[in-house]
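Think of it as A, B, C and D in the order they're written, each chain with its own count starting at 1.
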Amino acid sequence: MAEYAREELLACTVARLIGEAAHVAVGAASPIPATACALLLAQGRPLRVSLLHKRAGNPFTEGSRELFDLAGQGRIDVFFLGAAQIDGRANVNLVRAGGRRFPGSFGSAFMYFAARRTILFREEHSPRVLVPKVDFVSAPGVSAAGVWRRGGPQALLTGMALFRWQAERTRFRLESAHPGHDSAEIRARTGFDYDLAEPLASTPTPSAGELALLRGPVAREIAGNYPEFARRVWGRVAPV
Amino acid sequence: MAEYAREELLACTVARLIGEAAHVAVGAASPIPATACALLLAQGRPLRVSLLHKRAGNPFTEGSRELFDLAGQGRIDVFFLGAAQIDGRANVNLVRAGGRRFPGSFGSAFMYFAARRTILFREEHSPRVLVPKVDFVSAPGVSAAGVWRRGGPQALLTGMALFRWQAERTRFRLESAHPGHDSAEIRARTGFDYDLAEPLASTPTPSAGELALLRGPVAREIAGNYPEFARRVWGRVAPV
Amino acid sequence: MADLAANAPRFLADAQAIAAQVPDGAFVALPPDYSLVAAEVVRALVRRRARGLRLLGVPVLGYGADLLIGAGCVESVETSAVSLGEAGPAPRFTEAVESGALRVVDSTCPMVHTGLQATEKGVPFMPLRGVIGSDLVTERSDWKVIQNPLTSEPDPIVLAAAIEPDIALFHARWADRSGNVWIGRRRELATIAHASRRTYVTYEELRDGDMLEDELLAPGVLSSVYVTAAAPAARGAWPLGVVDLYAIDDAHLAHYGRVARTREGFERYLEEFVWRSTRERNSSPAPSHA
Amino acid sequence: MADLAANAPRFLADAQAIAAQVPDGAFVALPPDYSLVAAEVVRALVRRRARGLRLLGVPVLGYGADLLIGAGCVESVETSAVSLGEAGPAPRFTEAVESGALRVVDSTCPMVHTGLQATEKGVPFMPLRGVIGSDLVTERSDWKVIQNPLTSEPDPIVLAAAIEPDIALFHARWADRSGNVWIGRRRELATIAHASRRTYVTYEELRDGDMLEDELLAPGVLSSVYVTAAAPAARGAWPLGVVDLYAIDDAHLAHYGRVARTREGFERYLEEFVWRSTRERNSSPAPSHA
């Protein structure tokens, strides 16, 4: 089995979650989702990727409003959300908890409703992040009947595991553990309750082909918009 | 007294009505208001003129929405409205009357409220145009208490006379007759009731200085956007 | 009308191929005469005998709409006005309305923009100041006057319902190989495209490279994300204009405004300028009839 | 704050002169770090010891806001987030909120845009989809959830109140002698300017001619009608970037993100990069601290 960085496993997993989609949007400070999209493009998928914070050749011409308008029009298939806290109802908190202040909700309170699917992504897998109930709902995972909502959570990916969202049960189901992690550890590190798939699968690791793309064209592409990340994972420096 | 075209008298009168203003907007098919603005600019007034249908060097960069947004923001001081029918309450009709169809309301139903002042302008002075009550209200001259309204009618200029709007009385007052017309003729040709200023003044005629500007720089400017009009009044052909 | 997202750029052969994509009965948004009308597609729609089109003027209509109306392609128009500007009233529109052949949904310019902006943002309505007291409000069952919910003072305000065109149709200065089109400062075209389920664009010239990668060009670009398909049409706006390339053909429009006053004159005009081949129009300088 | 319309173009000497126009207590709209922040004016505001500023992030805030907050210039922020992006959380913001020194009016990006678009159109509110069920709604007394007035089906929808900044403040690539500024595809700057009572802009270079007369440049121009005053500031966005001219100084931002975690580190940073003369900053290549 090829050696790989955890970020590479996560990017490949995100790429699989994206699956068939016409238009994926990536928001602020999301190097792994951006890497996943770059991987799909490098694989020749006819995917449109809108990076909100792309520094050069930004796809938008209406400024930072355009991403939200696109989503409002129903043109965004997949979006990503990270959060300081995520609970078992797929609520996300990006504002505050226990006296700590986080950056803020960004576009979550809208995008979580307007994008067709949202992939929740947070590397830290701990009871501090995955809580029974978020201290502040930046955006709810579930909406009452009659409330307009085009889409919602698809999955929750952490540094340890992949959970699928079950819309009909409004609960997560543990789908796979990343290599090196097991069911008991995940249960101990997860503050909310969830369903189990038995037996628990192992998250597929990156193939040699995926790794070759990641370390070649994808790394070059990502270094432009996420220089710190590219340096850490691939030892790459941003092009000037 | 210098010889002058009726259009020149009207443009000079419109220029006086504009008076002190920072920003004047001119809508569709309004060569005489446009001429008045060009005259003020040629006189060195620090006036901003936005021509909705300026063909080259259009002032807007947000497309045809920008004029209305500007007015909504309170940035338009003076606007012009023509109409198929105008009544004594300063209502305007640009839609239909007596089986006849007119082009339509354009932006009147908004601009008449949002611009700080509106000058009503119609060359034809007849009982067919100046009616007791319009058949269709494209935009009302007067609004009920509590209805948001930043501005309203300032005056009504026709090919025969100038009426001032009296906001407190919600009626027009005949202010002056153009040379060659008198009080009785105006009364006979006006379908609505109005107040009289006694004695009736004569509308001032263009000065030699005004005529020189009109026939020089103003005619050149206007020929670009209103080629038919410029040819008719000044025998000018549009620059290519 | 299902598809919203266009992904890979799609190019069609010519204006006729675009016209074939516009089904009878479609709700088609058109720009005003001064803003990049796809006149060549309009002629192709007449030739393919399109029927039942519902036109939306953003915010007004002119020559192109009058042609379609006269040729019997149009069931209704929603617009703030139909006019030929300096060339006078739109003769076929006027005749069709006065004879009862055409339904008009009357609007006022900013209400059209507002209704499209609502769709652009994905909301069902958007408010606008003014308008109250206009008979337009009484006629428009899709507008509603409500009390401003944010104040306890009396403050009526009108809401425009979201306007959702099936098709946006216009002309552009350039397209590039990525399927982006350059519309310059004619931002109403962007709004139309954002709000429409499908967008068809004819263009003067194909440009190499990706215009979105060029910071100077990008502000005037409509991204291919909104473009369903594009097709070349040199002088495709004629007798209307494309800024910096060719001016509006005033003499031709004045000619049209005169001859189209009668049904017979209009038919002769169609014969001369529409039924004859498109290629002839495109390859030779546009004739003027003063 | 009375004046809306600027007529004759007004030029000021430098960023310091712009900072002098921003009164204590003003409600100031700022763009995000990736969109032409007038960083030189931010430093000048720190130097003039501005107090009580209320910042609006359109839709988020970053380096510039963190500097103002740390220097004690800010009473409150209304924003969707404050962050240094890849350089991590905004340290002075985080500290000020956690210590109770700074009031935050939390928002979400499209609600900021929507509130500004309301002012841009001159309406008191504008609706947005989503948001319902977020605790943001409970905290924002200026937002209101209503039943969609256009349907009889249950359909709650949230209204954003119009946001009316006193001052829009940003940087631009060019200004011309007519007072127009070129903002390229950063249209949020146009929205901010449209919605604000006064707009102050610093620019990299003065360009001859009227950019609105140039069809290629015009789509990226903000007309002087919205510009209260402009002033030159070469490298005026540093350590943030101006596309095609200089990139964001990642190493410097990372340095800031580290040292500003402590009050002492922040004070040293201010001493080094703000209290020392502006001229020094502008005339020499910007230093990087990796």
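FYI, a contact is a pair of C-beta atoms (placed from the backbone, for glycine too) under 8 Å apart; a residue touches a chain by one contact, two chains touch by 3 or more.
Fair warning: this is a prediction, and the values are worked out from it, not measured in the lab.
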Message: Applying the document's contact definition, name the chain pair with more C-beta pairs in contact, B-C or B-D.
response: B-C
Query: Distance from the CA centroid of chain C to that of chain D, rounded to the nearest Å?
result: 36
- prompt: From the C-alpha centre of chain B to that of chain C, how far is it in Å?
  reply: 28
Message: Between chain A and chain B, what distance separates the C-alpha centroids? Give it in angstrom.
response: 59
- prompt: So what's the Cα centroid distance for chain B and chain D, whole Å?
  reply: 40
Statement: Contacts with two or more other chains occur in chain D at residues 110, 117, 121-123, 128-129, 155, 157, 185, 187, 190, 218-220, 243
- prompt: Got the chain A residues that touch at least 2 other chains?
  reply: 56, 58, 60-62, 68, 72, 114
Those chain pairs that satisfy the touch definition: A-C, A-D, B-C, B-D, C-D
- prompt: So in the complex, which bits of chain B are touching chain D?
  reply: 22-23, 46-48, 50, 56-62, 68-75, 77, 114
Task: Could you please specify the touching residues of chain A with respect to chain D in the complex?
output: 28-29, 31, 53, 55-56, 58, 60-66, 68, 72, 94-96, 99-114, 136-140, 143-144, 146-149, 226-229, 238, 240
- request: Spell out the residues on chain C that touch chain A in their complex, using ranges where they run on.
  value: 4-5, 7-8, 119-123, 190, 194-195, 210, 212-213, 218-223, 225
- prompt: Can you name the residues of chain D that touch chain A in the complex?
  reply: 32, 34-35, 58-60, 79-83, 85-87, 89-90, 93-94, 97-98, 104, 106-111, 113, 117, 128-136, 153-157, 185-191, 241, 243, 247-248, 250, 254
Message: Which stretch or stretches of chain D touch chain C in the complex?
response: 110, 114, 117, 121-129, 142, 144, 146, 148-151, 155, 157, 159, 161, 184-185, 187, 215-220, 243-244
